[in-house]
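Paired with chain B in one complex and with chain C in the other, chain A is shared by the two complexes that follow.
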Partner chain A sequence: MKYSSQMVAKPYFIFALILLAGEIVFGLAMGTQYLYGDFLFPAIPFNVLRMVHTNLLIVLLLFGFMGATYYLIPEESERELWSPMLAKLTFWIFAAAGVATILGYLFVPYATLSASLANSFWPTMGREFLEQPTLTKVGIVVVVLSYILNVTMTVITGRKTTISVILLTGLFGLAFFFLFAFYVPQNLAMDKFFWWFVVHLWVEGTWELILGALLAFVLIKTTGVDREHIDKWLYLIIAMTLISGLAGTGHHFFYIGTPGYWLWIGSIASAAEPIPFFLMILFAYNMAKNRRIQHDNKIALTWAKGTAVMGFLGAGVWGFLHTLAPVNYYTHGTQLTAAHGHLAFFGAYVMICFTMISYAMPILRGRPHGNGPKSQKVELASFWMMVLGMIGLTLALTVAGIMQIEMQRLPDAAHAVGFMETQAAISKVYMVRLAFGVMVLLGLLTYFYSFFVKEEKVYA
Partner chain B sequence: MPKVLEIKEPYPPGDFAIWIVIYIELLTFGLFFIGYAFSRRLNVQMFNDSQLFLDKTAGFIDTLILITSSYFIVKAIQSIKNSNRSDISISSIVASKWLLATMIFGGIFLINKLLEFSDIFSQGFSLSSNMFFMFYFLLTMFHFMHVLLGIIIIFTIRQKVKILGYGPTDYVGMETGAVYWHLVDLLWIVLFALIYILR
Partner chain C sequence: MSERITKNMARNIYFGGGLFAILIFTGLTFDTVKQIPKLSHDDKITESVALGKKVWENNNCVGCHTIMGEGAYYAPELGNSFQRLGGGDEEVFKTYLAGWMAAQPLDTPNRRKMPQFHLTPEQVNNLADFLIWTSRVNNQEWPPNIKG
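Showing the complex of A and B:
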């Protein structure tokens, strides 16, 4: 570790991993409810489980990004973090607010939560992913602004690199687009517009900049390839991301009461959206091929390459499966959407957090060359368990989605099968999905175990 | 028979990355062009009637402006490429002037387009009027943004030319910008023929 202030990243990484475990457990509970509707009812109904599952995802990624930034920025800027104290304070505030919000979801009825937390004064609650009480949202803004202040001050007073500038641009975008969460129009179609301005422009816009910067950082460190070479790739990926991602928002505006031109804008721009993800694969493999050093932390490079491939599959391929308007007409809101959501979030964003954690955590724990071979072996097993688990889960959801489309969407009204009947027919597929979900959890537990693997002592 | 050795120019000109961008741009515009063609086939009469509201002369002038600007950027590159170390400062001044002319012509194109949009809007047409105007606005506005970006790129290149940043052996950056500018030009030529002329 070059700078002592990089140590502030550690609690962020640990907390992100704990939240991920929570997210998967709640996901498994939901998967069980698909099979046994009464499971955990009335203690935790499906809508609450879902809310906790998705909110944990957002919060864990924010923790992961923050930890990654606090580790990366001092090294890129060649100076200590502007204020390590602020970063530590922010961690505790964000963690406390996050835990309180999740407990609120679990133990207080959502309507009561809404009534008691100033939502009537400024209504912002009730939208998927953005269910947080208005007060929590204000807290998120304060935390994110203090985080951006800390990073910006470090960058502008230190060395400026392409990576740090792109990361900072992504962070500013993240903060800016979250502001749309504070505006909830009465008109339902308009409401969707502003909701997607947060969700889509996060995941298919600004977060991709963060992803690109983090990936480039780990690749530089583990391959020793020239910065100049990496910068060019990064600019290309970022330019493609912004162009296709911004216009690609249009694919969310199909058939919801919006003008017909969105069908064209959304379809064509979305066709270009897999391209930056494909470039990321070329980028990662090209760098690995032209590496100048053999870094001992091999598993970090495996995660980096895995992120590129899985991001392309989840966000690129599974996204494109249903972003053409004529296809989306039949697939809208089926399990195919869930398949895309799961693989995209895992492949692109959860895996980039793993990449950073796998690279940085050993250094933060006093092992500059990475964990020992035994530990890396265990981690590699966890990598494949999680990756294959998520692929299996995604394929199962894809089959479920196709069955829904075939039974409910393609036939005319007279022949379409009812919702519950369709769900009953899909139940076996849901069982497969659950089994793969368990595999992902086991993979994560194996990953946790890799931190505690003791290496055999080598005697000279 | 003795072999004649030739020094081959690097091909394709410009940075490789710009060619990836170009292929993606061609793909995207290509999808729009195909979409236009298919939609037109379904309602030829409506497309032909709507087309009458467009000013072909203005479109033709725009075409000439862009082609001329492409010639200017070629002249800028030639003046650097054909220079030698001793006269690089003079060549850079000449190149800088050609680049300025390119930017001015690009700017005139944008002003012309804004006037055209204002005229079409004042006639009551918008993206939602019909399929023809939807394609007209989407394609021309998308192209408009490309011209704007092109001017920014040329401005950046010109700044580097002014500090003698390019020389007879190092002009890849200029070619990269020029290749992009030619793409913008090419797209307009297809767009003009398809939307303004073809009946």
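Showing the complex of A and C:
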């Protein structure tokens, strides 16, 4: 570790991993409730489980990005963080607010939460992924702004690199588009249109800038390839992200009461959305091939390559499957959407957090050359368990989606099967999904165990 | 390919392409915002429809159901529930919805359960008006059939 203030990243990483464990546990509970409707009901109804599951994901990724940034920015800027105190303080505020919100979801009826003071003054609740009480949303804004202030001050008073500037651009975008979470028009169609300004323009826009910058940083560190080369790739990737991803938002504007031209624009632009992810694969493998150094932290490079491949599969391939309007007409709002969502979030965003953590945590724990070979072996096993578990889970959801479309969507009204009957017919596939979910959890536990593997001392 | 492209060229593609994309998207956004009121019959949003949307949000209905295909996939699509469950008749739909909401949770073992939300008759009426309004939004004839 070059700068002592990089240490503030550590609690962010640890907390992100704890939240991930929570997210998976709630995912398993949902998978069980899909099969046995009485499981946990009425103590925790499905909508509460789902809200906890998805909100934990969002918050864990924010923690992961923050930790990654606090680790990366001092090294890129060649100076200490502007205010390590502020970073520590916002960690505790964000963690406390996050835990309080989740406990609120679990122990207070949602209608009571939405009748709370801040929400009745400025209602923002009850929309998918943006279920947080208004007060929590304000808290997120405060935390993110203080984080951006900290990073900006560090960057502008230090060395400016392509990586740090692009990362910062992504963070400003993230903050800007979150503001649409506060706009809830009366008209549902208008509401849905601007809701995507948060959801799509985070995930398929600004977050990809952050992802690209983090990936580039780890590749520089683990391969020793010179910056000139890395920067060029990074620019190409994020150029394609913006060119395809902005108008690509249109693939959400097919069937929600928006004008018909989005059927064309959304289809054409979003058909190009796999390109930046494909470039990431070329990028990672090219850099690994042309590496100048043999870094002892091999598993970090494995995660980096894995992120590129899985991001391409989840976001690129599974996204493309249903992005064309005539196809989406039948797939919209089926299990196929869930399949894509799971693999994309895991492959691109959860895995980039693992990549950063795998690279940075050993250094923060006083092991500049990475963990020992035994620990890395355990971590590699956990890598494959989680990756294969997620692929299995996604394939199961894909089969479920195809069955749902075949039974419920494709036939004419007289022959189509109703929603509940279709779901009952798919139940065996949901069983397979659940089994793969268990595998992902076991993978994560194995990953946790890799932190505690004791290396045999080598005496020279 | 990458050998022939310099870092400067890549940066120009990013700034040029990014700016172009932002301009196009902003332009289309303005046009869409202008068109949505007509496509969705904004003038038909009565006070009851607006209150119904609040009932929908305050009880996190989207955590189980989809509406126009968006939401959770645990429970049926409700964007066309007016046609599917009410046959397109307002009185029939409102009677059905009141009965349905009162009967939750159903007693069938291990069927997916819908919680009891303790809505007032007024709130159920608002919710029905909101769902009726939603079913009339011009959304390119989606879903493909009545089953949602």
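Quick notes on this one:
Operating definition for what follows: the second predicted complex is superposed on the first by the 459 of 460 C-alpha atoms of A that agree within 3 Å, B and C clash if a C-alpha of one lies under 4 Å from a C-alpha of the other, contacts with A are read in each partner's own complex, and residues count from 1 in each chain.
We adopt the following convention: a residue touches a chain if its C-beta (ideal position, glycine included) is under 8 Å from a C-beta of that chain, and two chains touch if they have at least 3 such contacts.
Please read these numbers as outputs of a predicted model, since none were measured by experiment.
Shared-chain residue A:Glu204: touches no atom of chain B or chain C. By the document's definition of touching, of the two partners only chain B reaches A:Trp264; chain C does not. By the touch criterion defined above, A:Glu75 lies against neither chain B nor chain C after alignment on the C-alpha atoms of chain A. In the superposition on chain A, A:Met190 contacts chain C only, with no contact to chain B. Contact with both chain B and chain C is seen for A:Ala239 once the two complexes are overlaid on the shared chain. Touching more residues of chain A than its counterpart among chain B and chain C is C.
In the superposition on chain A, A:Tyr36 makes contact with chain C only, not with chain B. Contacts of A:Ile275 after superposition: chain B is touched, whereas chain C is not reached. Overlap of the chain B and chain C interfaces on chain A: residues 232-233, 235-236, 239-240, 259-261, 265.
Across the interface of their complex, chain A is touched by residues 2, 5-7, 10-11, 13-14, 17-18, 20-22, 24-25, 28, 31-33, 35-37, 39-40, 42, 45, 49-50, 53-54, 56-64, 66-77, 105, 109-117, 130, 133-134, 137-140, 142-148 of chain C.
Of all the residues in chain B, the ones that touch chain A in their complex are 15, 17, 20-21, 24, 27-28, 31-32, 35, 127-128, 134-135, 138.
Residue ranges on chain A touching chain C, taken from their complex, read 33-34, 36-38, 41-42, 45-48, 50-51, 110-111, 114-115, 123, 125-128, 131, 184, 186-193, 228, 231-233, 235-236, 238-240, 242-243, 245-247, 249-250, 253-263, 265, 282, 286, 329-330, 332-335, 337-338, 408-413, 416-420, 423. Looking at the complex, you find that chain A touches chain B at residues 232-233, 235-236, 239-240, 259-261, 264-265, 268-269, 271-272, 275, 279.
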